[in-house]
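Going in written order, the chains are labelled A, B, C and D, and every chain counts its residues from 1.
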Amino acid sequence: MVGGGRGAFIGAVHRIASRIDDRWHLVAGALSSDPERARLSAEDLNIAPDRAYSDFREMARAEAAREDGIDAVSIVTPNHMHAGPAIAFLEAGINVICDKPLAATPEQAQQIAAAVQASKARFILTHNYTGYPLMRQAREMIERGDLGEIRLIQAEYAQDWLTESVETAGDNKQAAWRTNPEMAGAGALGDIGTHAFNLLSFVTGLKVEALLADLQSFGAGRQVDDNAHVLLRFANGARGTLWASQVAPGNENGLRLRIYGTKAGIEWSQENPNVMTFAPLGQPKQIVTRGGAGLGTGGNRWTRIPPGHPEGYLEGFATIYTDAADLILGTGDGALLPTIESGLDGMWFIGACQRSSQAGGEWVSR
Amino acid sequence: MVGGGRGAFIGAVHRIASRIDDRWHLVAGALSSDPERARLSAEDLNIAPDRAYSDFREMARAEAAREDGIDAVSIVTPNHMHAGPAIAFLEAGINVICDKPLAATPEQAQQIAAAVQASKARFILTHNYTGYPLMRQAREMIERGDLGEIRLIQAEYAQDWLTESVETAGDNKQAAWRTNPEMAGAGALGDIGTHAFNLLSFVTGLKVEALLADLQSFGAGRQVDDNAHVLLRFANGARGTLWASQVAPGNENGLRLRIYGTKAGIEWSQENPNVMTFAPLGQPKQIVTRGGAGLGTGGNRWTRIPPGHPEGYLEGFATIYTDAADLILGTGDGALLPTIESGLDGMWFIGACQRSSQAGGEWVSR
Amino acid sequence: MVGGGRGAFIGAVHRIASRIDDRWHLVAGALSSDPERARLSAEDLNIAPDRAYSDFREMARAEAAREDGIDAVSIVTPNHMHAGPAIAFLEAGINVICDKPLAATPEQAQQIAAAVQASKARFILTHNYTGYPLMRQAREMIERGDLGEIRLIQAEYAQDWLTESVETAGDNKQAAWRTNPEMAGAGALGDIGTHAFNLLSFVTGLKVEALLADLQSFGAGRQVDDNAHVLLRFANGARGTLWASQVAPGNENGLRLRIYGTKAGIEWSQENPNVMTFAPLGQPKQIVTRGGAGLGTGGNRWTRIPPGHPEGYLEGFATIYTDAADLILGTGDGALLPTIESGLDGMWFIGACQRSSQAGGEWVSR
Amino acid sequence: MVGGGRGAFIGAVHRIASRIDDRWHLVAGALSSDPERARLSAEDLNIAPDRAYSDFREMARAEAAREDGIDAVSIVTPNHMHAGPAIAFLEAGINVICDKPLAATPEQAQQIAAAVQASKARFILTHNYTGYPLMRQAREMIERGDLGEIRLIQAEYAQDWLTESVETAGDNKQAAWRTNPEMAGAGALGDIGTHAFNLLSFVTGLKVEALLADLQSFGAGRQVDDNAHVLLRFANGARGTLWASQVAPGNENGLRLRIYGTKAGIEWSQENPNVMTFAPLGQPKQIVTRGGAGLGTGGNRWTRIPPGHPEGYLEGFATIYTDAADLILGTGDGALLPTIESGLDGMWFIGACQRSSQAGGEWVSR
């Protein structure tokens, strides 16, 4: 693991997720660039001192040289610190599991892409919401035509934690880097908008052809967007909207997806992810549960416990790690895993939204 | 009443709504332009034969001349047939209660506006959703600052009844006129989009300064929009979206309003209108019920029965009629009633969306 | 109307309900036993002075004698005042529409039953919740076997308005008579428990064979039950529970019905009455909406407006009045209307619960 | 671990739960009484061959003798197989974490209790639902008086998987032992009723003084109860009901708890466990989320990720394992852990219900 030392947030999530299905052990880390903090963090996590690095380049070199070297590295640093480690490990031939978005700038993204191209190692982006069983179920249903031709996609991801300018408080490390243009590259757009964008792409299989965005920074003194309204046009003629906001009081992690086709519609919300509605035109709406009645084999494949016993965010995340293990060991094809292409697509989304909005709200095509 | 004869839909709704609070009696009507149908429809409704007209002009003249002439006329014809009767009754000095949208074309709308200007009679537009107690409650809460400065408005009205091109079936009279450009003037935009637009304006008191629309006609051979995605910019800097659709399977009358300010957010859905959530930043979200605990006087004023006993669409509609009675009798000021200005605003909304979309999706300012 | 003068509650509800479908006009009343209050109340309601009575016996006599006498009388007095007027009007040959429960005591109930027996006039009890379209839909579904053999019935009606002993406040007239043993005959049991009992009987068509009740009076100084837990055994071997409470904070009018058979289950809640779930074993649960997709003719018959536009409490109540009009005019068979048998059944339920609980919680059979 | 070999269900759940917070490693097991199956199951789980036992007595002896012997054993066998291993490990001085209910018979339960009494080792029962953060939050709120004096408790746990007699199919191992009187000791009552009973006791801190039960076996040929209706009387005068059913179509794991006091009420459902409503009398109902706004320190203590990112069944279960680790290491007091007393209380509940029902439904006191 690179990043994820004391005081970090998402690193701990990755560690739990990787443990759930007992497919990974954490044995090495460059958990902080501060040597002392790296050492103490490694101690906390029972990493042997000789595999507790303070420099990711050294870690890549050393682990590549060991016979019992790591199978993969998790990169859980802020966005602007993805490219450096990703490239170092890819060049060392070590598989990379990287937090999203791909990078803070298009240039960094392209450098990673080049390194992926040049390396035999795998690159996996943790768009974890694609691990929710019902999202995979939805993808299957759409693929086999249950919704008919898709016409409409309404995606949103609303939070409220940046309603006030908490980043100026000094002690809010998460808020600070996520609202720093250089470290984050974008605000709500990159932090959560890319999740919504990735998820709708994953579930529908449709490509956005053009978009138009209206971005705002409502927080006093805020230097990145905290609200994004985006219109979407898809290659097949479908239309959609994507709303990402961190200033909508009452929303914790309101990632919601609604998809309507010529034959049926589906609706899902991340905060109660074990339930989805499926509405075939002219019939009563159905409540589809994770692993529940009538799903066929679909929804049961990525689930650990019986229906009615809720799985949550960590389990969905775990599925990404488990799929990654299968891909790396050759026991699975990783067909559902987010790749470098997902990452580049997300970077296009961020950049296109920013260009559209800076132009006063104009259409931007691929 | 003008319109609303046998086979009509909204006329019956107006009649029930007007009866609920026992403030109106239906005593005269030009229920159809077909004399025989007008006669039979009047008979159905116990209207005396001498007050059963087949021509609205004759009705306006005759009722104006009677000592016991009508206090007001309800106009419940298709959109392109609002201007004629509205102007006739206004000129005869008779108060007009008119279905929405104001008209099928901007020209018709201006003619009505001129007639309102020239007449001492009242003009009331039945944007009935403003009669829901919790929408009036929301308006009060926003007015007194409970939400702080408004930043975001997410409005939508989704239906599914035009997912297939049912208007071509021949026997679907409602679908036929509502998808006929000359009779309706617009599709989803006019039929339901104007409701969402009116409601968000009513509740927030904010003015849309500019908008950008992406309209679609998904139904095969359809000549009006059946889906509208609209970005909104408000005078105070707030941003919003409005989505109106008649092709979203699983949606019956999904009118939903979400409003977020610097201090709190509210969310409401028309299909379960006796409940609204209110989320003050940093506190648990509250479930506010119609007439329920903790509302102050607000929510109780426009309600007939105790909380937990649901009131619905007809009761909200009835409140418009009751307010209208009070306004006309001078026992109320009608401050909450939709007026000719609401109607003209709705016509601007329709026209601006159409112009924006025809230009490929460009911003249109007032 | 007998009762329902100034300051009364349920009388106004009956008046609105009777108006909604335009089948009744209020033309006479003994609205109060206080002559002055009767006169003023009649004036409020535009009842002609010669038909504003202060004595129900006089009213029964006079109206029976008039050629344009009333078609039916609504009795909306407290429970102990049902028998007197009901018998008087039945003896005068005038149809009676009576509020529930049938009476305050078994003796009164028997006297009414005898009068019904002896009269050619109709007797209808306003168990209004049977007028909700989805409850009639549920009844149809059960009748035609959609649920298989019924095994379990979970009924409840929970409120919170008597959590504190508000009846001692002096100015709470509703609380005062409803907690007065002589006027009400029972507490939560009679006021709301009989509604739940009637509704489950109506929907399932099953007969309770034996019951066991644990009644409580939690309110300080309260002389009637404010909470009732009842176990039910049905003739066909089904089991159930009925919970009625007026001391459950957070419940406004929480009337809920859940029914499970060998093939499927249904669940419904009065506070959002336009929605019901139907769960066929081994298939996804369905969201059945009032008048919505896939119902067949059932749910549409007793509804006024399209699905997604909610109807509420008053519309359900109106359906009882409309069915009553049809029954009296011979244009309907009144097959779904609550009758004197429903009333006697409810009185058995109250008495059996009281006997069971007084014995410390023993089984009581029919 | 004892039990939990190939083909078992709950063992895998315990293993995931124990891993989530990285506090336990599985290093030894008697996973099956069949030696070959024990060996293969151990291999699956990377247990060293010398610590893969086929006899739990041998395992207790051997592990007690090792310097690196296990810190605790998980017993995940069917109910009738709890006593044997529990006693063996307790006698060997090894801490025991045991699945619920405590045993299949009162005699077995007493034997375990005696062994706990005689041993210095800890005994922990995995009533995992007490690990849900909001249930611990509710307990805290009740303890500090937020609900006032508790008056009413409505608990239920409804499933539908035994609606048909699937245990006769031959290949349904879970259904087979759970409906076998000797292996299970009781049906729905033991399998899920004890969970509801334990949870209500945990949350309210109230003691059931007397109960009355009506048990049924609806499934054709079924030898244990599949539905239980139970009336409860608490020491403080509160009343309640508990409903456990495995024959209610549409219910997956419908564990629900509703508690009402003199000052407020709370409602919670296990299927969406990150949300609870709190209704202070006379104020709007609040939606309390796991870790969300306004909770004080309470709800955040037993949670891993931010509010709005759902935690589920496995995380709640993990909290039990983590608390157990803290108790055993002395880094926590285990105050919230279910103990042998919880187990004996559950056995009393099962036995009392059975005696009450066999007597035709009579009250049974402690």
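Keep in mind that, in the parts below, contacts are C-beta pairs under 8 Å (C-beta built on N, C-alpha and C of every residue); 3 or more make two chains touch, one makes a residue touch a chain.
The shown structure was predicted, so the numbers you read here are calculated from the model rather than taken from an experiment.
Visitor: What are the mutual neighbours of chain C and chain D in this structure?
Guide: A, B
Visitor: Computing the C-alpha centre of each chain, which chain sits at the greatest distance from chain A?
Guide: Result for the farthest chain: C.
Visitor: Taking each chain's centre as the mean of its CA atoms, how far is chain B from chain C in angstrom?
Guide: So the centre of chain B lies 35 Å away from the centre of chain C.
Visitor: CA centre of chain A versus CA centre of chain C: separation in Å?
Guide: Roughly 55 Å, centre to centre.
Visitor: Among the residues of chain C, which are close enough to touch at least two other chains?
Guide: Only 251, 277, 281, 285, 289, 292 qualify.
Visitor: Given the complex with chain A, which residues does chain C contribute to the contact?
Guide: 277-278, 281-289, 292-295
Visitor: In their shared complex, at which residues does chain A touch chain B?
Guide: Where chain A meets chain B, its residues are 151-152, 154, 160, 163-164, 212, 214, 216, 218, 227, 229, 231, 233, 239-241, 243, 245, 247-251, 258, 260-265, 267, 277, 279-281, 285, 360-361, 363.
Visitor: Across the complex, what residues on chain D touch chain A?
Guide: Residues 12-13, 15-16, 19-22, 159, 251-254, 270-275, 289, 292, 304-315.
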